[in-house]
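Chain lettering (A, B, C and D) follows the sequence in which the chains are written, and residue indices restart at 1 in each chain.
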Amino acid sequence: MIKLENVTKSYSTEVTALQDASFDVAKAEFVFLVGPSGSGKSTLLRLMNRQEKPEKGEVWVAGRNINDMPDAKVPHLRRNIGNIFQDYKLLANKTVFENVAFALEVIGRPKHVIRQQVPAVLDLVGLSGKQERFPHQLSGGEQQRVSIARAFVNRPLILLADEPTGNLDPTTGEGIMRLLDRINKTGTTVVMATHDQRIVNMMRKRVIQLDRGIIVRDQARGVYE
Amino acid sequence: MFSRLSYTFREMWASLRRNFTLTAAAIITAAVSLFILGLTLLVLRGFDNQLSQWSGGVELIVYVENDATPEQLQVVRDALESNPAVIDVDKLEYLDVDASLAEAQRLFAGDPETLQLLTAENIPTQFKVVPQPDASAELLTEIASSYKERLPKVISVAFPSKQIDVLSTLRGVVQFVLYLITLILLFSAVLLIWNTIRTAMFARRREIEVMKLVGATNWFIRVPFMLEGLIQGLVGAVFASGGVLTANWYWTSTVQSFPPDSGFGAFVVTGNYPQWVVFWLIVLGMLVGAIGSGTAASKFLDV
Amino acid sequence: MFSRLSYTFREMWASLRRNFTLTAAAIITAAVSLFILGLTLLVLRGFDNQLSQWSGGVELIVYVENDATPEQLQVVRDALESNPAVIDVDKLEYLDVDASLAEAQRLFAGDPETLQLLTAENIPTQFKVVPQPDASAELLTEIASSYKERLPKVISVAFPSKQIDVLSTLRGVVQFVLYLITLILLFSAVLLIWNTIRTAMFARRREIEVMKLVGATNWFIRVPFMLEGLIQGLVGAVFASGGVLTANWYWTSTVQSFPPDSGFGAFVVTGNYPQWVVFWLIVLGMLVGAIGSGTAASKFLDV
Amino acid sequence: MIKLENVTKSYSTEVTALQDASFDVAKAEFVFLVGPSGSGKSTLLRLMNRQEKPEKGEVWVAGRNINDMPDAKVPHLRRNIGNIFQDYKLLANKTVFENVAFALEVIGRPKHVIRQQVPAVLDLVGLSGKQERFPHQLSGGEQQRVSIARAFVNRPLILLADEPTGNLDPTTGEGIMRLLDRINKTGTTVVMATHDQRIVNMMRKRVIQLDRGIIVRDQARGVYE
């Protein structure tokens, strides 16, 4: 589903954010990216949806080399990838329903599809009763569920999550992890960057560890260490 | 498709309201610049009307009585043609009753009292005389003043070279100053529309970020902003057009309240020239909006 | 203290540069509005000069030869005063040689050729006549035309009520239109300066947040922004002033190139009136800047 | 040093962010505020430096009632309080030295004082060699040290820290905690909101626990729970 081959990326001459990274992620796999701050986790995720381009090496997503994909095709690539962030990135002036519907609206899905899919996905993440609330009327965990619903409403092949539990207390964070696990079990590939030790140890999934841009460990059913 | 349209308009409207002061400033500046441009075009047209009697190098007009016979006219023409060293015979032109009446319509457009007095029975016909480029002014004056006594049915000879000079110079000054102001303000309007769009996009950068992440195409994101700029230009142009039409009406009625024969009779603009001006103002306003918003929308989309 | 000052200017300059297009638009709009205001003041002054001969209700001027004896002048005065029903005797005024020369300086300021011909030996002196408010125009015309033949040393009697009407009306139109444009543009300039300051404060909201958290006073935070707005107004006013002085110079030389006696001689502005205009433009520019930035800086500081 | 008496604060009619909170913090004490997301930790901190005013109750800081303090005096109150945030709030276009110096500049400290105090505090937080770097050239932990240096350069009586380790990996977070502990030992009162279980359990300080705006526990040498 995702393949990196000798990928190197640096933002300036001083910092090499990622160096010679290679790995494969199979369909329906769940992968943790761990490593200290600045080790390149977010950079790796951004390379996978073409928010960044590598200097060297190749990135394949769903069987396509996305480096030499023309810019005009990038939106269609991204429709196959859901993104989740530490700060949720919800739109404050839209309700829960509208936030999720927005993702379908802007890619031109017709109204009747929206009216059917949004409640379904809100049900999946456990927010069916809170459709008309605004983000500030929700707890952090609930907001993160909305953002997961938005990322997943289009049934993407891949979910990329950048520290989705970073702002949450442990109990709430665990709930989010269970939700991601459920989504993963439906066949969606999940790649998640985190430095939440507890969660990594609890889930026992594949762990890719980075240190200053270099992959130092790639272990199935790993722990945080 | 309909959902797409309603999305576009909803977003555009929200953005216009959010950025109210900047939008207002952009529209005001666009409106004032286009208004001044419109005024300029009307004022220049006024000058041209005033000067139209004298266009094509005509510097001397011989007015002949309405009831002159063809033979008498021929005498006048022969006299004018007998001086080829001073008068450019090829450009000598005779305006008969119909042509003179048509010209009077233009010249006294703002002076209906005078216009009313002129009929097909009493309007003087005219010979329009273009002098040779190297003819001396003194010689011309001398010849001209001799006509009135010597020739049959000649009412008067007009040779107002001074006033023509003054008017043409004034026209040049007005044209230069007003075009300059218009140009500067139009530039400012483009900057402002560019800026409101930039601000609008900045205010909605989170939404844009989310839209890009879920796979919206760049055009989908861009169109509401471009439309917003276009509408700013358009609204500015509509205000300017209203202003221009009002100003034209106000000026026309002012001139008509002048005492007859004030010399300003030709300074009003009639026919559908004002409509043409308005049409071009609107085209220009939309152009200004499109340029400002188009460049901004392209530039800031990849931030 | 010095560190405080250098901080203020450093921050202000950085902010001006960051917001370049908006700053440019604000300055341009301020400059153009003040420029149009300056032009308006100069043009109105030109009209006033042109009309000054006729100020205070004077509608009729009796020109008397330079070498009239006091007795001859008395005859003229007696004749004028013999018609108290038509002429307001209390307002009758006599301009002697010195006063007439002083007036000519104003009237022919843009027409040095004519001015040169007028000396203390040949300039006509004048009786300025204010008619009674209810005097009929016909009666006045009749009396006036009889003077020239009846009275000694009278050169001519000027009674140009039509032209005065036209000029005053024109003055009103010009005043109305230009003041309107000025006002609208000035409003736009205030909006824009307000907006640049808002944008500047928004761009630096993180810095402002940190400043407030570490205990900077509101005035400390506010001053650079207010100064920024003030400087925008000032720079606009300086450009406008340059434009006004250039335009005045250009117009003066244009009028001087007109043929003598074109009737535009009085339409130039001399003395230190242009300097006064520039002074007030600069004051107004700074005021506009202070209003725009002051309100913005107060409003957005507590966000 | 800090005293709250029956403090209630709500942002809208729906949410009561803090309800009837009372406690005392002594000079040189170290207090953890814990509780799930949205329980009112940040609100409590914001009440202590007059970023918010309570509806009911009184807040005393350094012996002064800060509720009815005139607005013009607030800057001087804040000069006695240092603030540290999860997202550091550093100014991206200023170097490390300038970021710290900024805090002294804007309260009108003369140049020679700045030139002396800034290097001293950078030394304290362990950044003496990195004065000329920009924030983006630093790791997350280093950035948080800069923000602590900025909060502490004026030797405030109190440090308020809102999830200072939230964006950091566990090892880096521990380093920050040791630094805050050192500062606390110099006599500075520290109040820190967090939901980092590990850290609370490691430090064994006083713990005030909030739940939906209500103080449910106030325990000396407590754990996260």
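Everything that follows uses one rule, which is that contacts are C-beta pairs under 8 Å (C-beta built on N, C-alpha and C of every residue); 3 or more make two chains touch, one makes a residue touch a chain.
Since the model is a prediction, treat every value here as computed from it, not as a measurement.
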Just how many steps, at minimum, does a route from chain B to chain D need if it may pass only between touching chains? 2
In contact with chain A as well as chain B, sorted by label, we have none
Relative to chain B, largest Cα-centroid distance belongs to chain D
Between chain D and chain A, distance of the C-alpha-averaged centres to the nearest whole Å: 32
Measuring from the mean C-alpha position of chain C to the mean C-alpha position of chain D, what distance in angstrom results? 61
Centroid spacing, where centroids are CA-atom means, of chain A and chain C in whole angstrom: 68
Take the average of all CA coordinates in chain B, do the same for chain C, and state the distance between these two points in whole angstrom. 27
At least two partner chains per residue is the criterion; list those residues in chain C. none
Note: chain D residues in touch with at least two other chains are none
Answer with line, ring, star, complete or other to describe the graph linking chains that touch. ring
If two chains touch, include that pair; go through all of them. A-B, A-D, B-C, C-D
Residues on chain B engaged by chain A in the complex (per definition of touch): 3-4, 7, 206-207, 209-218, 220-221
Which residues, counting only chain D, touch chain C once they are in their complex? 49, 72, 75-79, 83, 89, 91, 102-103, 105-108, 110-111, 150, 154
Residues on chain D engaged by chain A in the complex (per definition of touch): 14-15, 35-38, 137, 139-141, 166-172, 195, 197-198
Show which residues of chain B lie in contact with chain C when the two form their complex. 21-22, 24-25, 28-29, 31-32, 35-36, 39, 162-163, 165-166, 169, 173, 177, 181, 184-185, 187-188, 191-192, 194-195, 198-199, 247, 250-251, 254, 257-259, 262-264
